[in-house]
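After this come two complexes, each holding chain A, first together with chain B and then together with chain C.
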Partner chain A sequence: MFGQLMSMILTEDFLFSIIRITAPILFAALGAVVAEKAGVTNIGLEGTMMISALLGMLTSYWTQSWVLGVLVAILVGVLLGLMMGFFYLKLKTDIILAGIAVNMLGSGGTIFLLYMFTGMRGNTGSLSSANILIPTLDIPLIKNIPVLRSILSGHSVLTYVAFLCVVLVWMLLYRTSLGLNIRAVGENPNAASSVGVSVNKIRYIAIGISGALAGMGGAFMSMYYSQGWNSGMVAGRGFIALAAQAMGRGEPVGAMLSSLLFGLAQALKNKVTGLTGLASYNYLVAGIPYLVTIIGLVIYAASTLRKVKRRKAIDKE
Partner chain B sequence: MKDKRMTMFNFVRGAAAILISLAVGTVFIFLTFALVGGKSFGDCFKSTGEALRYMLVGPLVKKSGSFNSMGMLQVLAAMIPITFTGLATCVMFSANQFNLAGEGSVMAGGFVAALVAIYLPMASGLHAVVCVLIAAIVCGLIMYIPAILKVKLGASEMVTSLMMNYVIMYVVLHFLNSAFADRSKGSTQTFPFLETAKIAEIIPNGSKLSWGFVVAMVFVVLTGLFMYRTRWGYSIRMIGINQSFAKYSGMKVGGTIILSQVLGGALSGMGGAIEMLGRFNTFLWKELPGYGWTGVTIAILAKNNPLMVPLAAFFLAYLNKGCSLMSTYCDVPSEMIDIIQAAIFLFFAAEQFLSGYRQKLVVKNTRADLLKTAEGRKA
Partner chain C sequence: MENTNTNYVIQMKGITKVYPNGIAANQNVDFAVKEGEIHALMGENGAGKSTLMKMLFGLEQPTEGEILVRGEKVHLSSPTVAIAHGIGMVHQHFMLVPSLTVAENIVLGMAPTKGIFVDYKKAVEITETYAQKYNLHVDANAKVMDIPVGMKQKVEILKALVRGAKILILDEPTAVLTTQETTELFRELVHLKEQGYTIIFISHKLKEIKEITDRMTILRGGRSMGVYNTADTSEQDISRLMVGRDVILNVQKDQAQPTDIVLKVKDLEYTNEWNRKMLDKVSFAVRKGEILGIAGVEGNGQSELVQMLFNLNQPEGGTAEVNGKNILGVDQNKIRAMGVSLIPEDRMTYGIAATGTIEENVISDRSEKKQFNNGPLFNMKALHAESDRLVKEYQVLCKSAQQQVGMLSGGNIQKVVVAREFSSDPVLIIADQPTRGIDVGATEFIRKKLVELSRAGAAVLLVSADLNEVIELSDSLVVFYGGKISAYFEDTSAINDEIMGEYMLGLKHQSEEEIRRVCHEG
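Now for the complex of A and B:
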């Protein structure tokens, strides 16, 4: 059985699937990174992904254009982010509670919206067709290299965008004045405010960007990954993204590495579920990605704690 | 005078939040009729009115105009699990811990209780109590995990508890589908509970209003007493208000946080167990039942005060029943409740909602006070 598993894992196909599975988590994790840098915990990523996924999918169906679908998904993400921002910054709702409210809209509200727009219940099975899904892309040079070809080439456009976003978010945070402001506001809002930075404005922008990234993650889910929308589709990826952000120490590259780890766990789950000898353990295996998330978070927290203690010990000497 | 004005303000504020939420709901219902039904404008208004009638007064009044006693009993029955999860969330959030594993605890509690109810024969009466207690203990232990990780390592209790919901769900599903499955049935379920373990209805008429309701109300009082009349409850609330202050005044912060989470887990587990034994004959939940999230809404509505939980639970149970009636008779999806709930949630938790009005009240109060002291001096 182990041998069977190993032979399955060490394939180009498997590595390809890791990248594919990582992309939506990465989008949301980057969203979490940007928000957290501004001192905002965006727990509403999960719901944002669900709503963006639905409206993006529907738009691409109505307009028969996947580009418009993705744009609407992003727009919806931004609007949801700004809505959370409005309640958090203007009406002083606790940000965690605002996020939970968005998640409620994501889990039940989407089913309602789907019915409202189409009269369908629970999923959009009959809507999806190849021309409204996000197309795949062959990378010019890599597509000629034997092994890399089947791992790195042929992903959907948004998959490449996800990894490109790691660079973009890093540049945003560390190479622009907006990024400097975002970090300042997250580090010490009072200090930032005292030098004339509008804390609320920066936080609105950060949570808006966070929503946009989650929106892309949602579009990826419905318009490529599951090729349609259904009510259990996001399945905690928004929450896993929060863990990826924490494990990645709130940095874009770190978040990418942790997202890849969760992608690996998920891909492994998908493979093991397919093994005949393990059929009776399918449900336990399905829980593995979530368990890995907890374990990853614990290891990260423990290592940070040890570092802090060591630093304190050095200070004492 | 002063208190009266502020109470009035809180009442008006709550009512405004609920009204806004219902208005949002109404807009969506109207849109549903307009988009799906393809009816004329006037018909849409008529149908919306009809749907609203089912949602708002349906559980109370039958279509014929007589009192819907069965509907009300069902609403009370639906309060049982969410009262428990509401209490659990109150206790956990009071310590300022955003532990969201209530959802998983309900499922785990229901499953553990189901297993004890099937496999451990016992005397009638005692059996149900043992089932519920074991479920509570197991769920308390489960909740110990995010609590200890938070206290010892500083790992976010929110993320670990969210992930635990999924882990718990899959573990339960695994056992439901393997070791404890009743293969003779078409659907995935366990064997039926022993009769001794079932929690009887108060009035045997099929409303599912079991004695669990009484237990829930007893726990409302107990939790209220615990939070406001004991040392531990005080510590929990103090830590929630100002953790550093609590620490420097000598409270055991870590232990108290763990205590609050374990209690929260135990309460959620009890809720799941009582719901399971009072409503069903066999375990057949195939996904997280959603009571944990409703519990969060209830805690927000009750402002973390256990004694207000029954009111909030009643409101949500009523609304839920109304929504399901609406979906049965008017073809509007019952998920409407999530939209209304989210809106209520946002406005209720919004500290600055109607703050201009509050400001005016404060000014008024202060003026009145000043006037009084001035008059006092003259006299």
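Now for the complex of A and C:
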């Protein structure tokens, strides 16, 4: 059985699937990174992905344009982010509660919206057709290289965008004036406001960007990954993304590596589920990604704890 | 015309600041600074220095009075407006972002850009140009979290200068600096003065004031005690103006008859997170039947001492015993079981649970006792009886013991704390600022109770920044200065404020032998 598993894992196909599975987690994780840098914990990523996924999909269907679908998904993400910002910054509610509200809207509201718009219950199965899905792309040079070709080429446009976003988010945070302000606001809001930087404005922008990234993650889910929308589709990816942000120490590249780890766990789950002789344990296997999330967070917590202790020891000297 | 004297860059006239909670931090204060001088703003903690400067920097608005900058009346509604008028402030707690570099911190909010990107090279250039010009050497590329405190302060000064400040307010700038760093800072400040900058220097350290300032304004209890030329004023005069007593209280008390030692503290040491020695081999003893007062300007180790004695913090070395048993690192409920009571300095955090009822607060230390329980459940009758008794005995003004504590006035909240702490038959009472910020009636009541309990045989350790209070209430008294005991007075009736002031501000220090008497070792 183990041999059977190994032979499945050591394939180009498996590596390809890791990248594909990582993309939506990566989008959301980058969203978490940007918000957290500004000192806002965006716990509403999950719900944002759900709502963006649905409205993106529907737009794509109505307009028969996947580009418009993705744009609407992004716009919805931004609006949901700003709404959370409004609750948190203007009405002074707890950001966690605002996030939970968005998540509940995501799980319940989407089913309602879908039924209202289309009369369908729970999924958009019958809507899907090739031209409303996000197309795949062959990478010019790589598509001629034997092994790499089947791992790196032929992904959806949005998959490449996800990895490109790692660079873009990094540049935003570390090379632009906005990024400087975001980092300052997140770390010492008093310092920022004492030099005339509007803490609230920067936080609105950051959570808006965070929403946009989650929106792309949502679009990816419905318009490529699941080829349609269904109510259980996001399946905790928004929360796994928060874990990826934390494990990646809040940095874009770190978040990408953690996302890849979670992508690997998810891909593994998919493979193992398909193994013969394990069928009766499927419900156990389904827990792998979540187990990896927990283990990852424990390792992360242990290492930061050690770092904090070391720091204190240094200060004491 | 009142404002013809253009020599003044800053004039604050008749400033009164009353906070929404009714505390008057400044009352009719006049404050004027001449162009190009280093002007000290002096006073004890709580004298209103910071409030006055917050108004000048636009962080607070005066309730009454007006502010003139270069003879022109201004409305300083925010720090941004103050900066636009050329006023910059270096806060006591640095306003820096630790993970950003020095250059990034300096240009924050006004970062130079090239296209959509920050022009980091330019930021470094700006930093280095200013650093060079004002002789404030900083490492532009280092992250703020990695640089020493002295350099952080320079970064703050540069931040203000880069933004065009001509008038610099420095809020207790030396509080976090080592001696060498202080010397360096003074050199830099003099250099800035020579280049025409005006500096307002907040401090309560006499030596520094004498060393660096031209003139000074002294505040006491929110009022101005006048403006003086530093050169013409002796340290003794300053100390008298800063810490004099306004009214002499008269507390009736019999001569203390102290007997056995209850609290024995030996060589207690503690260094805080900024590497300052807050307690430096502190030793003393409190005996049954006496009140030992601890006087001193706040921030000289008193708070830390109380924290150690009630296990709110861990010392590096030394011992503390109550009736021969160690109390360091011991759980609070065990310390309480030994008969130790605490009136904490911060009553809202450590004294009460604000959302609980009076009853819940007063019984919180005794709710586990048998008499208040019926098996696993509370005996509500007994609890009500106990809380009603305490409310009555300690004259807590309330509708009933079921009222929320947080809704009471400060004085009544403190009475709730006192009712709990004094009614548990304590052998040792640690009273940290027991009457701060509360009304006269409650103050008198608490003081009377303290004397009563001590005469009935409790040992009392009284920490207070209120000079009246420590002198009148204590039987004997120690003065804290720089984490050490600088004086011990066996009999408080012979003390006058002038002598006290000199010990409190570190002008004088008793000999080791004199101080050691407070340990009562044979």
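Operating definition for what follows: the second predicted complex is superposed on the first by the 313 of 317 C-alpha atoms of A that agree within 3 Å, B and C clash if a C-alpha of one lies under 4 Å from a C-alpha of the other, contacts with A are read in each partner's own complex, and residues count from 1 in each chain.
Here, a residue touches a chain if its C-beta (ideal position, glycine included) is under 8 Å from a C-beta of that chain, and two chains touch if they have at least 3 such contacts.
Since the model is a prediction, treat every value here as computed from it, not as a measurement.
Judged by the touch definition given at the top, the superposed model places A:Y281 against chain B, while chain C stays out of reach. Of the two partner chains, chain C is the only one touched by A:N181; chain B is not. Residue by residue along chain A, chain B and chain C are tallied for touches, and B comes out ahead.
Of the two partner chains placed by the overlay, neither chain B nor chain C lies in contact with A:F163. Residue contacts after overlaying the shared chain place A:A192 against chain C, while chain B stays out of touching range. By the document's definition of touching, of the two partners only chain B reaches A:T93; chain C does not.
Contacts of A:G236 after superposition: chain B is touched, whereas chain C is not reached.
Residue ranges on chain A touching chain C, taken from their complex, read 171, 175-177, 179-181, 183-184, 187-188, 190-197, 315-316. Chain B makes touch with chain A in their complex at residues 28, 31-32, 35-36, 98, 100, 149, 153-156, 158-160, 162-164, 166-167, 169-171, 173-174, 177-178, 287, 293, 296, 300, 333, 335-339, 341-343, 345-347, 349-353.
Put simply, chain A touches chain B in their complex at residues 41, 43, 87, 90-94, 96-98, 100-102, 104-105, 107-109, 111-112, 115-119, 121, 232, 235-236, 239-240, 242-243, 246, 280-284, 286-287, 290-291, 293-294, 297-298, 300-302, 304-305.
Against chain A, in their complex, chain C makes its touches with residues 79-80, 83, 91, 94-100, 104-105, 108-111, 113, 116-118, 159, 163, 271, 273, 275.
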